[in-house]
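In what follows, chain A forms one complex with chain B and a second complex with chain C.
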Partner chain A sequence: MNLRFEVIWNQLPMFANGLWNTVWICVVGMLLSLMAGIILVLPLISRRRSLQLPAELFVDVGRAIPFLMLVYLVFYGLPSFGLVLDRWTTAIVCLVLYNTAYIAEILRSAWANIPRGQLEAGRAFGFTGMGLLRRITLPQIMIAAAPVLGNQLIQIIKDSAFLAIITVPELTHAARTVQANHFVPFESFIFAALMYWGLCLLIEAGIKQVEQVRAVYAKY
Partner chain B sequence: MLNTEIDTDTIPAVHLLYLCKKFGRHEVLTDINLKVVPGETVCLLGPSGSGKSTLLRCINFLETSDFGEIFLHGTRVAYGRSAGKKGLTEAELAKLRTRVSMVFQHFNLWPHMTVLGNIVEAPIHVQKRPRAQVIAEAEALLLKVGLLDKRDVYPSRLSGGQKQRVAIARALAMKSDVILFDEPTSSLDPELVGEVLSVIKQLAEDGMTMIIATHEMDFAREVASRVVFLDGGRVLESGEPKAFFRRPTTERARQFLERYVR
Partner chain C sequence: MIELRLLLESALITCFVSLAGFSLGIPLGLLVAVTRLKRLPVITSVLAVYVSFIRSLPLLLFIMLFYFGLPTLGIDLNPYVAGILALALNNAAFASEIWRGAIANFALDQIEAAKAYGMTEQQTFWRITLPQIWRASIPPITSEITLLVKASPAIGIIGIDDLTRRASTLAASNYEPVRMLTIATLFYVIIILAITQIGRMVDRRSQRQYELV
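== the complex of A and B ==
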């Protein structure tokens, strides 16, 4: 066996570019999903069944469809309806559609675990509607959900590898290109895998940090 | 006694007429008549399940009463069937709630805000009072409850007694007409009860209007200007604490006191 890691060394710019694309697509996808998730969680936690039902349906469907299937549907399926999205737009749209469901569910379960008394105190002190949400409920949801949201970011990064299939030049795509051009499958894929791992370690360190800070605010 | 000479014409801070409350078919409060004039400290006594918490929660609209009238400072704010909610918007309810503040059994401080943050939150964001002034008042209140040094600490770093004193300062900061206490010391370790009761006692001496549900009989005897005995959702007795503790008129109250006071 003769491994040629110098090829990887020479192709480093390609990997760096792939890594960068993976990072920004996932971060943008995460932020947009978070915003969408916050909006979607409102009907989920509302007391009105007529609002709850459609939101629950969205969450159910969102969690049932495999990510790759969603990518196929949007990239290859939507053009049948005259809606053609380029690969970058498809990447972001799919990440957001897919993760919004998960994030809304994460936020809902964080909400369900906030001691009711604190929300009641908010009402007793004259907060209502948006004021209650913005000042009392949402901050506590976010604090409670922070570590789980970090894990979701790791999930997004791993899912984003599927985007190679529609030729988004992210990390997996870079590895595939290098191996195809230079016939170094093991070197190329193991290097990309290590880069994913490094990314996850970084996020996990971030989660630890958040958990330490959070202990001050979240415990009651 | 503080309040025996209070002019009966004084406008009551809280006045309930025939207040009723049901949970489903279970009638929890029946024909509650209660008048609390400014400066009074009313202690609500009664066995577990007698409706003390529910009564307090009806007064600040955390529960919707089903029948009867509620007057706050002479203004009729709820009446008739579904007395609590009909005809009042959520915003109007919120405004009413700021005139009656509440101290909860489990403190219910907001964990994501500092001690000072907890106190100034509603005055600034609900009552829209000027920030600098509210903060200055909050610091004065913290001094009063003996916690000025904890100003920038988060609730998770406080003992139960300290949390409850912060909760009392938070209620005082609303400058409401009346403060409702729902068993303010029931979830405290015995050695922490005293520090909270002494703060409440000080408030009573300052002439704050308060309604306090409590199981602390010695405290009620000492601090209350009036005790109200609830049982099965009805007011069975209402009167001077001395007389009540010495000679309760109803058999139920006598049995209740035998269990609590030796």
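== the complex of A and C ==
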């Protein structure tokens, strides 16, 4: 056994590039799926059954498909319908399709836990429809759901590793490339793993910050 | 149709590997949770690092580290053993957090009552704590198992012909990607729905037993 960590040192730009791609793909994917999730949660919390049912079906089925399967469906399946997406577009489309269902469900359960008095008070002050949603419901849902959404971001980062299989040059792909070129499997995979760890610890610290701010805010 | 049989066969591989993964992972998670609560000097911090590290590690990378990386350190594993072990270790880290939460929320007065009745710590754990935290943990454990099944395509990277890998190789060989991938997706939906239904059934049954006491 002789470990050659100097290879990793020499290939640092490759890892840094992979890390950067992982970060921006996941952040863009998270923001877009947050928007899509907000739209999808509207029928979910609607009182009309005819709107609720299809949204529930989408959420339930969406959460039963493995991420890699979805990637294959989009990357290899869609061209049969004449829709060819490059790997970057596939990456973003898949992250958004996959996470929208989860985020909608997170927002729905945050909505279910808002004190009803808030909404009633809002109505009493003359807020209706979009106004009520934008000024009263949505801000509270977002604050309540913030830590869970942070955990979802960690989940997105972990799922994004599967994108290495369709050769999106993110962190796992960088590790695979370095290992293939220099035959340093243990060193390159453990190094990428440590980078993922650091990234997730950073997000966890962020979640703690948000929780602290929220605790202060809750006092007033 | 030959493809359907091949897909069905690989669905069984997915089921088997997942079953083996969580059958090892969930008890291991309990062991990790209980050991962490014992506050042993070095072991507790090692386990805390293990849980934190694994929870932020993509399964795909973990499996490659296990299968391609460990031989560098002189440990050579067969793909099935490596795949199942990686799934189990991954699952154990998440399960341990579920167990830990359930133990932390467990009513202290019950433990004190057990002590007053002269039960040893061991007896209290097996007869009082475990049956109740098990009941409380059925729903989160069920959803952890569905996450395990959905993460299991990662084992395809070390050459195990699970449902996802088989579907993609069939799609590449018969030029019918949509049909192959859709059938495989349906299989996944069926597996996941079956797990959630079984989870609900076990949950309801255990609640009913509890009411009878």
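The rule is short, and it goes like this: the second predicted complex is superposed on the first by the 215 of 220 C-alpha atoms of A that agree within 3 Å, B and C clash if a C-alpha of one lies under 4 Å from a C-alpha of the other, contacts with A are read in each partner's own complex, and residues count from 1 in each chain.
Note that a residue touches a chain if its C-beta (ideal position, glycine included) is under 8 Å from a C-beta of that chain, and two chains touch if they have at least 3 such contacts.
Because the structure is a prediction, the values reported are computed rather than measured.
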Chain B versus chain C as contact partner of A:Gly129, first or second or both or neither: first
Chain B or chain C, by number of chain A residues touched: C
Chain B versus chain C as contact partner of A:Ala180, first or second or both or neither: neither
First, second, both or neither for A:Ala164, with chain B first and chain C second: second
Touched partner set for A:Leu68, first chain B, second chain C, both or neither: second
Touched partner set for A:Ala16, first chain B, second chain C, both or neither: neither
Common ground on chain A, meaning residues reached by chain C in one complex and by chain B in the other: none
Footprint of chain B on chain A - complex, ascending: 115, 117-118, 120-129, 131, 135-136, 139-140, 143, 215-220
Contacting residues of chain A [partner chain C, same complex]: 1, 3, 61, 63-69, 72-73, 76-77, 79-81, 154, 157-162, 164-165, 172, 175-176, 179, 184-187, 189-190, 192-193, 196-197, 199-201
Partner chain A, residues of chain B touching it in the complex: 60, 62, 90-91, 93-95, 97-98, 101-102, 104, 106-112, 121-122, 125-127, 154-157, 170, 174
Residue ranges of chain C in contact with chain A within the complex: 52-53, 55-62, 64-65, 68-74, 146, 149-154, 156-157, 164, 167-168, 171-172, 177-178, 181-182, 184-185, 188-189, 192-193
